[in-house]
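Below: a set of structures, written as structure tokens.
In the two complexes that follow, chain A is the common piece, with chain B as its partner first and chain C second.
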Partner chain A sequence: MTHSEPRAGHSAARGLSDKSIRNLFIFPTIAFLIIFNIFPLLFSLYTSFTDFRASTNAPANWVGLENYSYLLTNEFIWRNFTITAKYVLISVSGQVIVGFGLALLLNRYMPFKGLITTLLLLPMMLSMAVVGLFWKLLYDPNFGIINHSLGLGKFEWLANPDMALWAVAITDIWMWSPFVMLLSLAGLSAVPKHLYEAAEIDRAGTFYTFFRITLPLVAPILMIAIIFRTMEAFKTFDLAYILSSQPTTELIAIRLYKMAFLEWQTGLSSAFAYIVLVMVVGITMIYVKYLNKVKER
Partner chain B sequence: MAEIEIRNIGKFFGPVEVLKDVSMTIADGEFVVMLGESGCGKTTTLRSIAGLESVTSGQILIDGAEVQDKKASDRDIAFVFQSFSLYPHMSVYENIAFPLRAVRMNTSDREAAVKEVADILQIGPLLNRKPSALSGGDMQRVAIGRALVRRPKALLMDEPIGALDAKLREQMRAEIKRLHISRGSTSVYVTHDQIEAMSLADRIVIMNDGILQQIGAPEEVYLRPANLFVAQFVGSPVMNVTDVALSGDARVVIGGNEQGFQFPGQVVSHLNGAPLSLGIRPEAVLLSHDAAHGAIEVETTNVEPLGSHDIVDVRVGDTVLRSRTEAGFIKSEGQKVWVGLDPLQAHFFDRDSGQALRGTN
Partner chain C sequence: MSTKLKGLFAGVAMSTMAVTAANAEDLVIFWAEWDPANFLQELVNEYEEETGISVTVETTPWSDFQTKAFTEFNARGSAYDMIVGDSQWLGAASEGGHYVEMTDFFAEHNVGGVMAPATVKYYAEYPGNSGKYWSIPAEGDAVGWSYRKDWFEDPAEMEAFKAKYGYDLAPPATWAQLLDMAEFFHRPDEDRYGVAIYTDNSYDALVMGVENAIFSYGAELGDFETYEVEGILNSPQAVQALEDYKKLYGYTPPGWAKTFFVENNQAITEGLAAMSMNYFAFFPALLNEATNPHAANTGFFANPAGPTGAQHAALGGQGISVVSYSDNQEESFAFLEWFIREDVQKRWAELGGYTAHAATLESEEFRQATPYNEAFYQTMFKVKDFWAVPEFAELLTAANQRLYPFIVGDEGTAQETLDALAADWAATFKKYGRTQ
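After this line comes the complex of A and B, so read on.
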């Protein structure tokens, strides 16, 4: 930046100075950030303490912590949290098992490895809405290929309150396991080959080597994958919204959407969004703390 | 403890033949050093013995049993890597205990074994540290400790101190020798450093281009090199090698100097007239200030003072011979001196095959 100052005078003759060009690039971004991120953030913080409804012209009344106390004591809301927690657990652990497993399989010599890896990454590159619509067809009890190939007859996946959440989670696992695989693959290939040779010389078996050498050395990068996937799963909306309308798949993001844009409880939903934000930040902090501990080892 | 025998092993990496018909026997308790330039096949041979590399042909026997098709973990051989290969996420204790835990030794035996090795290697105070907090020398002590702790049949070392600085290398060399004497384990050691090889080995194996050149005790390899490669590889400064002709009256004539050096008849009597190369170590190139019998008057071309001794270059005909003299014997280049050769320390080689030509004595 500083070295551009002396030249500013000369370039002014040619047109815009370096400084104006710099500002021209930066100001739109800052304006965009303020209008679409910072203002809504502050505005929603304010509305979370009011009874504001965006659908009416009525002025917002300050209600203090009433929205928060209502939400935190409402058992229906806790049901949404429980559903979300279950969803996060199933979906993220499924992605870790499938993704890491695939990475282990790919982390050795095989023909067409590059092609196979690329093909495995495809689900991750699709749009959530497209994946949702595809899988709705795949799960269809009458002509869906899943029931057909598993021989399940007319088994209901999405209309079955007990299965719907699993169905959504399975779709999410299909879509995002490649992400965990990609990071795990990077972690696995970073484990020096000579450590495996040392372990072989030390007479360590396959499982012992895996649990004592591979896993601890891949743990930090696997942890990063888990952090990303947990945060994403926590705020899942589109996939669950498209696939199922069961109350058992009503994740907090869906509840929040309904509260804000179907019921028009703007103030209450703002408070709800802040509670979710605090929870996500809290969970992430726990992970990051654990990640640092793993990295120290 | 074990005897290791290698029978005619060959190894290809793709189209490249890296080991060509290598055979040797390493006796129980012997310390054998494999010496050669990088890429000569010494490390591949060592890794083949350990089972980290499979051989394309030939057999490897440990205590008489063929092991070439067995996994490394089934050969009961320890290996010290040049890169140390310590497990970075484990403490020193866990690193040394790893081979014992891998075979589920019980805790009290394990602790006793680790403690014993830590005492021998004087790394007791480091047991709780991580490898990243260790110096190079300590890392190598831990790596050796991990190799010794399970009392393997044989200990293989791949340039274990090559990554250390010169002073530490000297110290670790002495330590490895002391350790070998006290434990008496069969050891195979790979290095490209001939001083390491000479000082550690019971026998030295010299390799070049995947071919075993000579096996012998350090002094044998030094005094009776089997061929030109060994002659020039072992010894510092390098042995003088020059093309010579032998005249009828047992004079060894260097090109460009007709006078030649008079050799005793019996020293050259076995040479049958094939084209010859003469190899002579700098300490056998004798310089004097006065005309000695059979010496040639020459001029010095370079003097390298090395403290304990000097290396002086003299031009004889078309060839420069390097001579090792006492410090300060020759003051400067361009000085007139008389040079003679010690016939008993002269080596003759077949110029075409490079093989040493020796009499029956």
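After this line comes the complex of A and C, so read on.
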């Protein structure tokens, strides 16, 4: 009995060629990709040129570039794009400054460093919806701890159209700075120590060391963090949706959701999604090009 | 094929038939997650006792009620046999082929004669005045007001109010009085505020709040037959109504920028506001000592009249429709036949549901049952609604995009806001071929 088992297994293994095993792994994945990625992508591309509405039984009519032209000339859509751009700028730059700053602080000896690092990572482990609801309470003008701690009285964070976007961005910075911190820490720990020793021997100042050694060497990994965070910030939905319903916080993802699933303008929203996709790909390509340049240095 | 295999297939076929037969005895009604849905479940349990057919009321939070319902419709799914859908869905659901037409059922059972006329008009008929019906009015609802009786009846407050405004402090009968009282009770230094109104622009809350003013000021959203809006939506009465709604926003508690039924009930339970706008369906919680420490001091009144004496309110509530893709349409109609019976409607009202049944509504028993039923009864004969066309969501989005910045963000004037909204709506109606 003990001898027959390995023999049976050996014979079964011999029954499948390398090619069959390869196909066994590849074909389900390809089928999955075609069904759930490629087909929806192509179908939505087609619907973006039609007046299709999923909520009706009416057939889709070909409208050419009408949807794209409507979206690119609509004042509200442009407002959504402007708001999103502002949000991405505030949020990502805030995360880079705070995250990288924290990484610099942690990249030196300190007691309980492991515990502190773990605690700092906690925000990004929470669900977006939970964070949104939690911060909504923190921002509350009647009993919120933020106004109480800062002595701001009944300052309205979310009800004030000029402040609401900042409030959402601050929450996002709180949540995702640890991500930038984590990547930056990895980058900082990879900087060779002898470079700092050489700089010290040459009596280089702190700023000179930072801008000539630390930043250039950490830049590639920081760029990766920025690419990830930009893409994520660009498609932010839940946080802004839960925290505020101000028109000044209506990001493109929220507008897209409303257009697709509340108004059921399927054709128009497909076109909108493609415009967003092209923008995200374009921005990412610029970043990647810059990343390659940084690496070449 | 081996005998064993044949036996297995036969067994599977038998089981499938048995399951199908069992399913025909189980009806599923889809509704939003709120108290009336629980009351309906209690009611339909009695249907099961009578007929042996079980009915389940499946619910989902309000925030994704519409999305979930239409996703199921779009998939031609048979998960739900009946749906208690919003009145503004009528156009989209009937033209989309998702609802079964009930015109014959209406004629056979005289549904139009036994339900309150406004509920038949807004919950059941589409297109307007067409005589085609798609729903049975199920949960009548409209916007009303709750207020702090102890504040209003405080002798010192009454005296101070009369000295300032020249008339007695009592639940407001007009919008002008409502504004005066909101102003009078608005005392941020004492953590006490004048009024709580709807401001959430995620769906239809803000628009329905504004509708209460627009309708009572004698204005309309447009001509529901010709789809003309220019000169109607932006009429001087509508402009005045919008200006006054914005004034009310100035008397709300801090942070009142995304508020709907939960927050407006909290305004009373937490002792924040003197008056609060809300749907009647949410008033039972205000009479419950467990959820409202001020329950004994909470009163109710109908939406006040406007400057011309017109008195209307925004319609809430829903009608119950049979889903076209249901496998149990016959059983669903049998259930509806039971549901519209006078004794069942009376029981529905007893359980806490807001019946649309005219005779039950008019009965003294119903009107005296709770402190707010009289106001509800008065309101249900004066309700008006939003557009029920298939493109209602686009109209709603445009309204939110125009109204919110003016009311909450203090951008532009009421005239500019309504002029822009009229232009948006006119463009939408033109896009869908309703106007030239």
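Here are a few things to note about the model shown:
In this text, the second predicted complex is superposed on the first by the 265 of 297 C-alpha atoms of A that agree within 3 Å, B and C clash if a C-alpha of one lies under 4 Å from a C-alpha of the other, contacts with A are read in each partner's own complex, and residues count from 1 in each chain.
Everything that follows uses one rule, which is that a contact is a pair of C-beta atoms (placed from the backbone, for glycine too) under 8 Å apart; a residue touches a chain by one contact, two chains touch by 3 or more.
In this text the structure is predicted, and so the values were computed from the model without any measurement.
In the superposition on chain A, A:217 contacts chain B only, with no contact to chain C.
Looking at the shared chain after the overlay, A:208 reaches chain B, while chain C stays out of its contact range. Once the two complexes are overlaid on the shared chain, A:197 sits against chain B while remaining clear of chain C.
In the superposition on chain A, A:283 makes contact with neither chain B nor chain C. Set against each other, chain B and chain C touch different numbers of residues in chain A, with C touching more.
Contacts of A:156 after superposition on the shared chain: chain C is touched, whereas chain B is not. The residues of chain B lying in touch with chain A in their complex are 50-52, 71-73, 76-79, 81, 83, 85-89, 98-99, 101-103, 146, 150.
In the complex of the two chains, the chain A residues touching chain B come out as 192, 194-195, 197-205, 208, 212-213, 216-217, 297. On chain A, the positions that touch chain C within their shared complex are 53-57, 76, 139-142, 154, 156, 158-161, 241, 244-248, 258-259, 261-265. Listing the residues of chain C that touch chain A in their complex gives 66-67, 70-71, 73-74, 92, 95-97, 188, 191, 200-203, 253-258, 272, 390-391, 393-394, 396-397, 401, 404-405, 408-409.
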